[in-house]
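Down below is the structure, laid out as structure tokens.
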Amino acid sequence: MVISPVHYIAVPLLAAFLIPLLSKFIHKELARIVPGIVFLYSIFISITLMLQIGDKGIISEVIAGWQAPWGINLVFSPFSGFLASLMSIIGFLIWLYSYNFKKIDKEQSQKYHILQMMMVTGAIGIVLTGDIFNLFVFMEITAITAYSLTSFYRERDGAEAGFKYLLIGSFASVLILLAIMILYTQLGTLNMAEIAQKSHLIPTSLKTTIIVLFLVGFGIEAEMFPLNGWAPDAYSQSPGPIGAAFAGIVVKAGVYALVRVIFTLFDIHGAYDFLIYGGLITMIIAETSALAQTNLKRMLAYSSIGQMGFVLMAFGIGTHQAIVGALFLMFNHAIIKSLLFMSGSYLTYNSLTKQISALSGLGKKLPLVSILFGIGAFAIVGLPPFSGFWSKLYVLSAAADKNMLLLIMTILAVSIVEIIYYFRVVSTLYYGKQNPEIEIQKPSINAMVSMIALGITILVVGVYPDVITNLLENAATALTDKATYIQSVLTQNLPIN
Amino acid sequence: MEDLAIKILGAVLTTIMAFTVGMFYGGFVRKLTARVQNRRGPVVYQNFIDLLKLQSKTTNIAHGFMHHMAPIWMIIASLTTLMFLPILNGNLWFPNISFHGDLIFLLYMMVFGSLGMALGAGQTGNPNSAIGVTRGLSQMVGFEIPFVMSLIALMIQYKTTSIQDIMIAQNESGIWNMFSNPFAFLAALFAMFGMFRYSPFDIVGAPAELASGPVSEFGGKYLGTMMTANSIFSFFKLTLYVNLFMAGAGNINDVGIVATLIAIVILLIKTFALYMVPVFYGWVSPRYRTEQAIRYFWAWPSALGLIGIVWALI
Amino acid sequence: MYNLELQNNLITTSVYGSAIALILIGLYAVLVKKNLIKIVIGLSIIDAGIHLLFVAIGYIKGFTAPIFSPGSENLANKMVDPVPQALVLTAIVIGFATTAVALSLVIRLYKHHNTARIDQIKSLKW
Amino acid sequence: MRKVFVIILLILVGYFLTNTFSLITFGENRIGNTSEEKNVAAYYLNNTKEKTSVANVVTAIVVNYRGFDTLGEVTVLFLATTGLGSILFRRKEDEDQIERISKPSSSLVQTGSRILFPLIALLGIYVFIHGHLTPGGGFQGGAIIATGFLLMLISYKNFKAGHTMLIWVESLAGITFVTIGLWGLLTSGSFLENTLPGGELNNLISGGIIPIIYIAVGFKVAAELTGVLDILLNIKPKK
Amino acid sequence: MNSFFLILLILLAGAAISFALGKISSIISGTVAFLSIASASVLFFTQLKNNTYIEFPLGEIQLQWGIDSFGYIFALIVLGLGSLASLYSISYMQNKERTGIFYFNFVLVITSMVGIIFSQDFISFFIFWEIMTWSSYLLIIFNKKDVKEIGVKYMIFSAIGAYSMLTAIVMIKGNYNTFLISDAIQAGAFNFTNNEYIPILLLIGFAVKAATMPLHVWAPKAYSNSPMSFTVIFSGAMSKMGVLGMALVLVRIFTFNANNEAILPNFSPIILQQTLAWLGAITAVIATLYALMQDDAKKLLAYSSIAQLGYITVGLAIGTKLSVMAALFLAIVHGIFKGALFMVAGAVERQAGTTDMTKVSGLIRKMPFTFFTALIAIIALAGIPPLGGFVGKWMLYESLITESNSYFLVILVFFSSTSAFLYCYRFLFGLFLGQEEEATKDVKEAPITMIIPMLILSVLLMVTGAYPGILFDPIAKGMETIGFNNVTWDMSVLGNIWGNSVNMIYVWLTIVIVFIAAFIFLTLKGLKGTRYVSTKDISTSGEIPLEHENLTFQINFFQPFRRAAAPMYKRSMDKIWNEIGSGLESLFNFTRKIYTGNGQTYAIFVIAFLVLMLLLKDTLFLN
């Protein structure tokens, strides 16, 4: 069988349907193992395809044998491929981290793994699909799994967070649906490439309405202020690895959708400014809110929102370098925030309460986890030689190319706030008084492996960013090169065989 | 080689002269003070007698290394400052090491002795000494400010930091600085009150209160050496003032012995006149507390100094 | 003629109007009603409105259903737009799934907080 | 205050919606002439008959042209069930305390339901088997079957939907769907490609894989919906 | 392999190995750190030739490393002081916890400073700068004291600095499309009249590390709370990185404007120059005032460092040849004497357990060598002839008076440096003089590995006092590199022949001759009669205290001064910043109230935002 993008979707689906049977009738452990195999396979696909597009450019795969405008197609461009690969890798690491998760409750553990796998699959689907309605469907897959996973813990206020998420998420789906509806009446097509080709035919007043609906709808998923009320709750109440998955995968999909709408579907310059200002406000509000948090995960959540604001803003700058920077930011945020959530949830798990103050002195008891958290914290605030620095530099110098001095200063002012609260945690961790009553539960080996892998990635990319910049350059080119996208989707008639 | 010999000879002569003059001035002040206070007072050469007595004492108490070093520091300070001060303008015999006399160097070198004494006093472990030292240092911060201001005024006026140049300029124009820039002079004069630590600024070593303050643990050879150093230092200070504000000993380029002697006499007259100012002021003023003293120096002496700078700038 | 136009307008108004009215009613429920169940119902009503709108935009006046049932095999250019119908089918199912999850969350919330008022469930804030 | 604000907002939303949809004339032919095939709908209407031999164009779209959507949709349902299961998860030891909230029905209702249930199920099966020919299809059929189960569930307090059975149906149906898709990928190089011969229009056995998928979807939907209902109805009583 | 990489690699390897060995033995770990720094220094001074450069790309940015004469000045400080401090810390850190982390960060700080010196482009400069910041942060909070206040404050101010620097860097990139420092200078990036904000932002960045006035509040506690062996580096060398940057920028601004004076009737550079100089002077005054009120020797030294950096800032800001030379000279000498003083404080802390001057006194007999170092360093610090400190101060005053006509500035600087005598004395007296405490009865002299670096530094101070030319040589070369032409040492001759070493020799000669004469006289005279008694034997004041009594005067030491200068203590920058901070914090606390916790409110936000966007859609999206 030839490797093609559809494997990203089909294999996990097959696995998801198989898992209940396998675990019931063959071996219970399979429910936990199979998702890992699936993720490994996804990574394998990613590598294969990324190598392939090295020569070919863009892979556009049709589904059910219908050419692009008529059927649904998957587009594996350097851009979407980059994100899909990132998601697969993060997904795998999250699976590895949570392999022992809820070991006792077999049934819960099975559900958890199915949901987690499908969440990643949904996000990959969003990224890969070339059809706007299909994107909506994948977004719903992600959303439904996200709601369930948010409220996974009964002991916490998960249900509350989940309900808020669902409430806002439903609005998102309604708005996106409305937008798709209006778009369809105007163009009679759902294929994104064709929409992009024809978007100038839409009457302006409708066009702006569609854009507003899309922006607000996807803005909810991308955690844009003031649409992000759900986010801190969802991050803080979901299980640790799911927080990582939200930050590393789900939001990325939302941002992808937003960016795709703005960059590819329509050609409206106002939208760039919208991204800049929306991102900036999001960043300011989120980072300042994070400052006063006492709950570690909630703090991480606000930080995550702030970072997404930064990403949106970077996309809003719109130059090639800014997009490279934005993608770099997305990459960094994915790995760093995953690491922070992973290590952070081990720390909070061992701290009786989730409060930051309760972490004091854990650095000595959980040395490796704390160091990893520290690396994450240093990296996310953009200290060299960790990877976060480079993305910040790229974005800032892109902003500087456009002479946006105020923007740069605002970003950096906000970064100072970020530094304050992250360093507060780190210093509590290492230099606070120890609580002798705490009995430490050491992280399992698999969790350690996945965290260390992330930590090493942060360091390697930080010291030698060239390992990733080439990919990013290609991805950025693919995103901005609308003509190639349209051409390769609409004219490639033959399925890859 | 001859130069060197002259220089060494000059240095020795300067030292002897400074020592003698300083000791006598001290004696005069004691005598005069006593007279004013309706006492008989010691003889003018009483200081020499005191010095002889101190140096002839056999038993001395040393509290340690710094205690031992304090008089040495003081004498270093006195002699070094003296050596780098042009005593007689352009005279072959008293140029000492510095031809020009650098104000900033002297300013810093003057502190050297105080610090040495303070350290020595500190090591004795006598609380009175330490209290005296803190008062002395604090007071020093007080009077240095107007002093520096007036110095700066002079530097601006003559575009030089060299004492000799200032002296020459005064002699050329024929107007002493105390007239050409009275504000600076007044500021310096007030600073001088603090520098000599006569009443009202004698809280540092307030004899009745602090058992003579910093020097309370010094006796015998130590006190004697310190006295010597102080005398030399007084002469240095007076000469500095005279050089700066009263054109030194006049413009004498003659190497002859007579001319030199005349110059020395002129210098002595001027210094003695100047010396009397703080002494007089001291007779009529009660003692200030340290913070009062500091405030005093920072108030209108400093204001005068500022005016002096502005004056010089105009 | 006049009547026909009026009729057209009336139909337009009633179809779009009822759909929009549904959306607004649903929104009102979601934004104002405090009871969680009512909010979920509101969400469903919004969904219903959207679905109605969706089907409505695919309608072409005087055309038939897009089924080549015996006897109408050649009516291909006289059929209404099938795509919205297909899409709305998907949308409905998704709406159902969301509602189911929402209801289950309401059950959990009710058990946890012993209330179904959304303004009292505020343990996560700031 | 809040209410007034919301009402103002809603008036504005209503205004914008009306404004927008006043530009989209109701009943207008936006497909254009089908022969030109300028847009997707026209293409579907024009080509479905020949290329897929399915009478119901909507079915063709749902299962074939946009089959991927349907797969996703089925997944959404599956995930909703799974999610529901995890949200309302009960430990084994709590199982005994679970009660159906419904009150016991009268015997009239119970008997009626027992008679009606097979009929409803039959109708449902009919609807999804004929999904490619008549209006209706997997979703509709599945929903009808689930209604039957709902009837049973609310009339019999101790009616068990049969978890194992549900899992089997659910999984097998899902697997069938994906496997057919993968088969298409394997044989023709395109996921979900209609590899079977189309057959004759308006025959029960026509349209290649479309009815098979729709049947699978029907079973799956039925199982999922029943599962959802079962979970939602079973609630641990509060103490 | 390239020496640049080799040096950094040696240092990094040293950091890693000493981190790994920290668990096993602190001595071995420290020795590794020392060896790596020492060997890197040897490599640096033997293998690297001035004006060699290498270029290589990283992250699609062309980087350039190299060493020029200007960097060489600072390399002297960093590597010299670094080697001595690491030697010193072997004993200092002995028997302490977490030495691995300490040495790791210690060597990392040195590495990053060497990196800064190497950097000829802004990106590697910034990278090393930030590494320096965070590794020093980890050392500042190493002692676990007041972690939140100190560490966070340090990070905030460092971040303010670093980010304004980063802004400037990217703006340079945006405007001139280069990251190379030399190209930026060529293109006129520091040209004040073209774009005022770039140099100002850069200066803010450097001013933070140089602890210049409104940005200095992090420094006192950061300096005093980190382990002393690190503070040696921190105050001695790290703050000089700020000086390095400031020199680089300021010299460009002023030389540019000096060369183009005729064309540019623009006063803004002069305003900047004056502002900065005054800031420096005010820094010096305020820090001095605070220094003399401290009871903790470490804090005293910390404030004193800030004051000294104030002088350096003044010198740089004035920007004439002599003043820059003075500033650079002071920078080096400050590194030496402040390093020595912090070493002294560390030795006292290690041996006596505390540096609180109200608790320790009379250590002179127990720790003579330490006292000697302290004495020499304090003399240099106070600027009293004939040590190195004086040379720098003298040049500074001369330049202020003769070259820039900043007379009022001189008064301020002079006030600060006169008041400095107070704390200088306080330091010596508080720790070493006075009566011995019971608690410090069994204190021993510090171990030899701590004594040696201290003595080396004191000898250096004397040498720089006698032959300042050995420092003028590299400084003059360095200044020529950054844009001054014809920097001759003779340039310091301004109507009087100072600065040239011959005259310092005369001073030395006089002092030494007088010293020897007086010493011999005093020592030999009545040698037998002199009784050496303990500090308790203070019979002359009338009363002999008992053994357990301690009459040493230590509390409220400079109270009279404080009373006199009371108005100056009223306002402190610290308070102002704290108020700003708490104001912002409450503001942020208010903004987060947006997240009310009510899901419905969030939903209303969404709809309201939607409506807003729909209302604004035409203005926003109509192109």
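When the chains are written out, they are named A, B, C, D and E in that same order, and each has its own residue count from 1.
Following the convention adopted for this analysis, a contact is a pair of C-beta atoms (placed from the backbone, for glycine too) under 8 Å apart; a residue touches a chain by one contact, two chains touch by 3 or more.
Since the structure is predicted, the reported quantities are computational estimates derived from the model, not experimental observations.
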Item to complete: Could you tell me which chains make contact with subunit A and subunit C both?
Response: D, E
Response to the item:
Check: graph minus subunit E resolves to A, C, D | B
Worksheet item: What's the fewest number of moves from subunit B to subunit D, given that each move must go to a chain touching the current one?
Response: 2
Item to complete: Tell me which chain's centre, taken as the mean of its C-alpha atoms, is farthest from subunit E.
Response: D
Item to complete: Count the C-beta pairs in contact for D-E and for C-D, then report the pair with the higher count.
Response: C-D
Fill in: Centroid comparison with subunit C (C-alpha atoms), farthest chain
B
Practice prompt. Averaging only over C-alpha atoms, locate the centres of subunit A and subunit E and give their separation in whole Å.
Written response: 44
Response to the item:
Rounded to the nearest Å, the gap between Cα centres of subunit B and subunit E is 36
Worksheet entry | Approximate Å spacing (C-alpha centroids) for the pair subunit A, subunit B | 79
Practice prompt. Quick one: report the Å distance separating subunit A from subunit D, using the average Cα coordinate of each chain.
Written response: 30
Response to the item:
Where subunit C touches two or more other chains simultaneously, the residues are 23, 27, 30-32, 39, 53, 57, 83, 87, 90, 94, 97-98, 101, 105, 108, 121, 123-124, 126
Response to the item:
subunit D touches at least 2 other chains through residues 2, 6, 9-10, 13, 16, 24, 30-31, 40-41, 44, 66, 69, 72-73, 76, 79-80, 83-84, 87
Worksheet item: Do you know which subunit A residues sit against two or more other chains?
Response: 133, 137, 140, 144, 147-148, 151, 154, 159-160, 162-164, 167, 185, 190, 205, 209, 232-233, 289, 292
Worksheet, complete the sentence: In contact, pair by pair, are chains A-C, A-D, A-E, B-E, C-D, C-E, D-E
Worksheet entry | Sites on subunit E touched by subunit B in the complex | 362, 364-365, 368, 375, 379, 382-385, 390, 393-394, 397-398, 401-402, 407-408, 410-411, 414-415, 418-419, 421-422, 424-425, 428-429, 433-435, 494-496, 498, 506-507, 510-511, 514-515, 518-519, 521-523, 525-526, 529-542, 551-553, 557-561, 563-565
Item to complete: Report the residues of subunit E in contact with subunit D in the complex, numbered from low to high.
Response: 604, 607-608, 610-611, 614-615
Item to complete: Would you pull the subunit C residues touching subunit E in the complex into a rising list?
Response: 27, 30-32, 34, 39, 118-119, 121-126
Response to the item:
The subunit B residues in contact with subunit E across the complex are 55, 57-66, 68, 71-72, 75-76, 79-80, 83-84, 97, 100, 102, 104-105, 108-109, 111-112, 114-115, 118-119, 122-128, 130-131, 133-135, 137-138, 140-142, 144-145, 148-149, 152, 155-156, 159-162, 165, 211, 216-217, 219-222, 225, 289-292, 294-295, 298, 309, 313
Worksheet item: Touching subunit A in the complex: which residues of subunit E?
Response: 57-60, 123, 126-128, 130-131, 133-134, 137, 141, 144, 147-148, 151-152, 155-156, 159-160, 163-164, 166-167, 170-175, 197, 585, 587-589, 591-592, 594-595, 597, 599-603, 605-610, 613-614, 617-623
